[in-house]
Amino acid sequence: MSEARNYLTEDNSIRSWLLTTDHKRVAILYFIAITVFFFIGGAAAALIRLELLTPQGDLVTSDTYNRLFSMHGIIMVWFFLIPSIPSTLGNFIVPLMIGARDLAFPRLNLTSWYLFIAGGLTTLYAIFVGGVDTGWTFYTPFSTIYSNSHVVLAVTGVFIAGFSSILTGLNFIVTIHRLRAPGLTWYRLPLFLWSLYATSVILVLATPVLAITLLLVALDRAFGIGIFDPSRGGDPLLFQHLFWFYSHPAVYIMILPGMGVVSELIACYSRKAIFGYKFVAWSAIAIAGVGFFVWGHHMFVSGQSAFAGLVFSFMSFIVAVPSAIKVFNWTATMHKGWISYDAPMLYALGFIGLFTVGGLSGLFLACLAYDVYVTDTYFVVAHFHYIMVGGMVTAYFGGLHYWWPKITGRLYPEYWARAAAILIFFGFNMTFFPQFILGVLGMPRRYHTYPPEFQIWHVMSSTGASILAVAYALPLFYLGWSLFFGQRASANPWQTTGLEWQTPSPPPTHNFETPPEVKRKPYDFTTKGKARAQNA
Amino acid sequence: MPEARPARQFVDLRQQHDVARLGMWVFIATEVLFFGGLILAYCVYRSGYPAEFAEAARHTKIVIGTANTAILLTSSFLVAWAVEAARLRESRFAALLLWTAALLGVVFLSLKGAEYAMEYHERLLPGLDFSFASPQAHAVHLFFSFYIVATGLHAVHVAVGIAVLVAVGIRAHQRAYLEAYHSPITVAGLYWHFVDLVWIFLFALIYLPGRSG
Amino acid sequence: MNNWIEHANPLVPSGETAHAGSVDLLFDGLLASALLVLLLLFFLLLRFAIHYRVGNTNADRDHRIQKSWRLETAWTAATLVAFLALFVWGARLYLNLYDAPAGAETIYVIGKQWMWQVQHLGGQREINELHVAADHTVRLIMSSQDVIHSFFVPAFRVKRDVLPGTSEEIWFRPRKPGVFHLFCAEYCGTDHSRMTGRIVVMPQPDFAQWLVRQDVDGTLAAQGASLFRQFGCGGCHGSGATVRSPPLEGLYGKRVPLADGTTQIADERYLRDSILRPRAQIVAGYEPLMPSFEGKISEEEIIKIVAYLKSLGGEGAKP
Amino acid sequence: MTGTRRPPRRLVLSWIALLALLGATVFIAYLPLGTANTVIAMTIAALKGTIVAAVFMELRERNPLTLTFAGAGFFWLGIMLWLVLTDYMTRPNFPPHLHWGS
């Protein structure tokens, strides 16, 4: 059985990998690429934290510091967070979960990887020839007129990568609509698919606005067309509107897939169907929809009208409701379940905790008068790292461990995995909780030097960051080790539900020996739950 | 005659055809927002500088604009006809229609080029050469910035569309498409119609304001 | 130097205005609601995680809750109500910021890479410092010479972006003397982190003395008058001018008939626009002769010339 | 010319209607109607767009799903326009001019 031909052993020439249209191999290509970007972005973060150990800017110059945080933001947002779960786990799992042989457009899928790489290389090139110092937000008129760095190159890189996102989103939407196995109705879909579907809608509808905005920035800078240039009658705030019309929904691009993964994990390791399945499913769609109405909360002090501020603040409170629904339902799912603490479950629990802290701190920022105080301070930095790193990256690691046996056909060492999960949780909190305090004390973000009274919190944060760095490097070793020495995995090592577990690990190139048919609801643990509990 | 078979991820040709069309529609939704961002910028500035935008719009070449609109509408008609012909197994005739539509696309681009040349001589192209002797020059500059970016991006779409129509036409001519499998023509057609649709709105925004004042 | 840190509680720097006090109360409210949710959630998570662990086969797992809609409606409604309350609370305080009390002292602030430039009406100039009197309302009118900056005084809990090409306002009323941080909060390039300064709040008598002690080349209006000569404005607008131009004496606050048939109040905005884009608003009966000063005059110089024009009298110039 | 090579009536009619609308919109643009000019121009553009979408793109024969995605782009564009213009319509200092107080 384990010697059977699978997608990994089919043909191992470099050429076959680079020209593959198999969604599973494209997913592996993405894995490799985003891991490289994760560590590049992480290296920038490490230097930032090192610099901030002392109030004087003594490690690097302020120009270098500005380039470091810009690079950290650009790489992490567009080349790690946005493609992370959808393009890797999603790419691998979506066709398996719906019982299809591949995505609807396999060649488009490969194209999107090449676009991603082209965008990534362009951005890296911009960094190597001197970097970009605008921050990931490219605010005008700084980016269009005043910056002396490689803005056009960096913007071009992101522009290209944007098309890669759009193609992935398009592929998922059509696939989920049209290639589901017989009997797999919408309410029988695992929640991971609902989340990815909602994510894809955002990818398809928001990314083009980023594309046109960045194009305008590049044209403004290269040719002086002046659309955002106040000295030519343009309005720099229009850039912010356009940018955040994409970039706020982009936050949901990052977190929704994480929520999807966590729904799978909580159900699997509680041996129970997700509580309030329909509510969790529709809350993903609600987040994707309402998420488009709230971008102006990034602009409460920017000079937009007070009335617009009221509208956006109101909508921002509304968008928090579906997230709250999800958290309550995950908790209720654990009620009267059979809970085991495998590594993925530890990540899932960590996700709920960190995401909740991040989400609740979001209320402070949605609240107009308080946002005026803490916007553009470390409070915001802490808030979005709790969501994106504490939430999204934790969920990514959880999902990676959960599907690792399916992807590689090997089991990882459980104790190492648990240790890494716990270490990440503590390292993360130690790094970012002090930043909430810094924000409440009024420490502005993107500061190379800072008043000495803030130092103690920065030192705590940097100490936490060193723990976090080690914790993030750990999986690289033990997962790498498991590739060669890990125990071979059965088709369904977690004894869980879902079509992806009904095919061998790793799956054959065409995914299923016989086309599956679905007759039951998702998370149907009625029989397996007790059985596994008794084994334990 | 080649046997038409679905790609491996599909059950049958019907599903494949359906998927292709849905994919194109999703892509069109993306494109709507791509141009939408630009149109938003236009709306904001037009609301801020109404008189200046009317003044600027009077400097666009409405004759060329109107002719180009008629040309694109006609080419769209031909493409829609080609889809119909392909359904009736008239592949060669469909190819002919597609090529004629592509030819009209080329005429559109040539006229557009001539228009750019005229505007260049009148120093109305921001980024290349712009000079406008009026106190409202800055808002006129904004208008023409929008004009050149919007029509430029549209022209890129037209150029891509021409290539697609020619390529699909060639394959139709080789009778590669059977009755049940005409989705490349339908999908290429959808794209071409969308390019036409964008132009309809650009025409109203760029050429028509300020004509009566 | 950092007085406010000394008497601050360890977590939150003390609020130095009435508004800051209200914001801190709002913070307490937000924190209380957040902690309530967080503690409840963590309690449940921990309890379920421990009680229903696989190893505990004795736990009662029968009678699982099946019907979920009652619970769902309950917690959705509860969060919604709580959120709405927080929204209203935050919004009311926010609108307060847009509503400067009457009789505020106006001070002009210009942000440029990488410094804050302050202009008092009396002509006093400061760089990276702002002296104000305690218990007096101060209204800042702010603009940027280059990129977007943000004027941020943590102790007052206020912040406002400072934009090029347009002006933004902020106001505060410090309660007692002290020295407070001034930060630029919007990333603005190389030395963003050094675009900081101090707000020095002094007792009113000390402040009055400070104003006098400053080395001033005349009031803002007087400086404007000399710029008026420097830019050669008098060549056309002066008494011995050969060109026919609209009179500037008593212009401020008057209704000006324009060539296009409309009228315009000659407020600060009109004066400024007329210097930068004179041909956009031609006064009825005059030739469009005046050249544009856009790009030839700095924000600081405009402030001064406008102050000078205001000093030439007119209805709006009365205090 | 065989029967299969004749253009279907609905296509011909739509084409004629489109050209007629084009003529009408250009003609009306020259009538001094004030703001109504803009409203009419955009209405006619929307009408033309609808004809292209409904007939040429065969939207009227498609299923609800296709209609949803065809509408989604425009709906989201509407959200963007609505909220952005909410800001600009209520902003005291747009178009950008400096006004030092009021």
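A, B, C and D label the chains in the order they appear, each numbered from 1.
Everything below uses one rule, namely that a contact is a pair of C-beta atoms (placed from the backbone, for glycine too) under 8 Å apart; a residue touches a chain by one contact, two chains touch by 3 or more.
Model, not experiment: these values are computed from the prediction.
By number of C-beta pairs in contact, chains A-C lead all other pairings. When every chain is reduced to the mean of its C-alpha atoms, the one closest to the centre of the whole protein set is A. Centre-to-centre separation of subunit A and subunit C, using mean CA positions: 36 Å. Between the Cα centres of subunit B and subunit D there is a gap of 14 Å. If you average the Cα atoms of subunit C and of subunit D, the two centres end up 41 Å apart. Taken residue by residue, subunit A touches two or more other chains at 177, 205, 209, 230, 233, 235, 237-238, 241, 245, 303, 306, whereas all remaining positions touch fewer. Among all residues of subunit D, those that touch two or more other chains are 65, 72-73, 76, 80, 84, 88, 93-96. Residue positions of subunit B touching 2 or more other chains: 22, 26, 29-31, 33, 36-37, 40, 44-45, 48-49, 138-139. Contacts from subunit A toward subunit B in the complex involve residues 95, 100-106, 166, 170-171, 173-174, 177-179, 204-209, 211-213, 215-216, 219, 222-227, 232-235, 238, 241-242, 245, 510. Every residue of subunit D that touches subunit A in the complex is listed here, in rising order: 65, 72-73, 76, 79-80, 83-84, 86-88, 90-96.
The touching residues of subunit A, counted against subunit D in their complex, run 177, 201, 205, 209, 230, 233, 235, 237-238, 241, 245, 292-293, 295-296, 303-308, 311-312.
Listing the residues of subunit D that touch subunit B in their complex gives 4-5, 7-8, 11-12, 14-15, 18-19, 22, 25-26, 29-33, 37-38, 41-42, 44-45, 48-49, 52-53, 55-58, 62, 65-66, 69-70, 72-74, 76-77, 80-81, 84-85, 88-89, 94-95.
Taken in their complex, subunit B has these residues touching subunit D: 21-22, 25-26, 28-33, 36-37, 39-40, 43-45, 47-49, 62, 66, 69-70, 73-74, 76-77, 79-81, 83-85, 88-90, 93, 139, 189-190, 193-194, 196-197, 200-201, 203-204, 208-209, 211-213.
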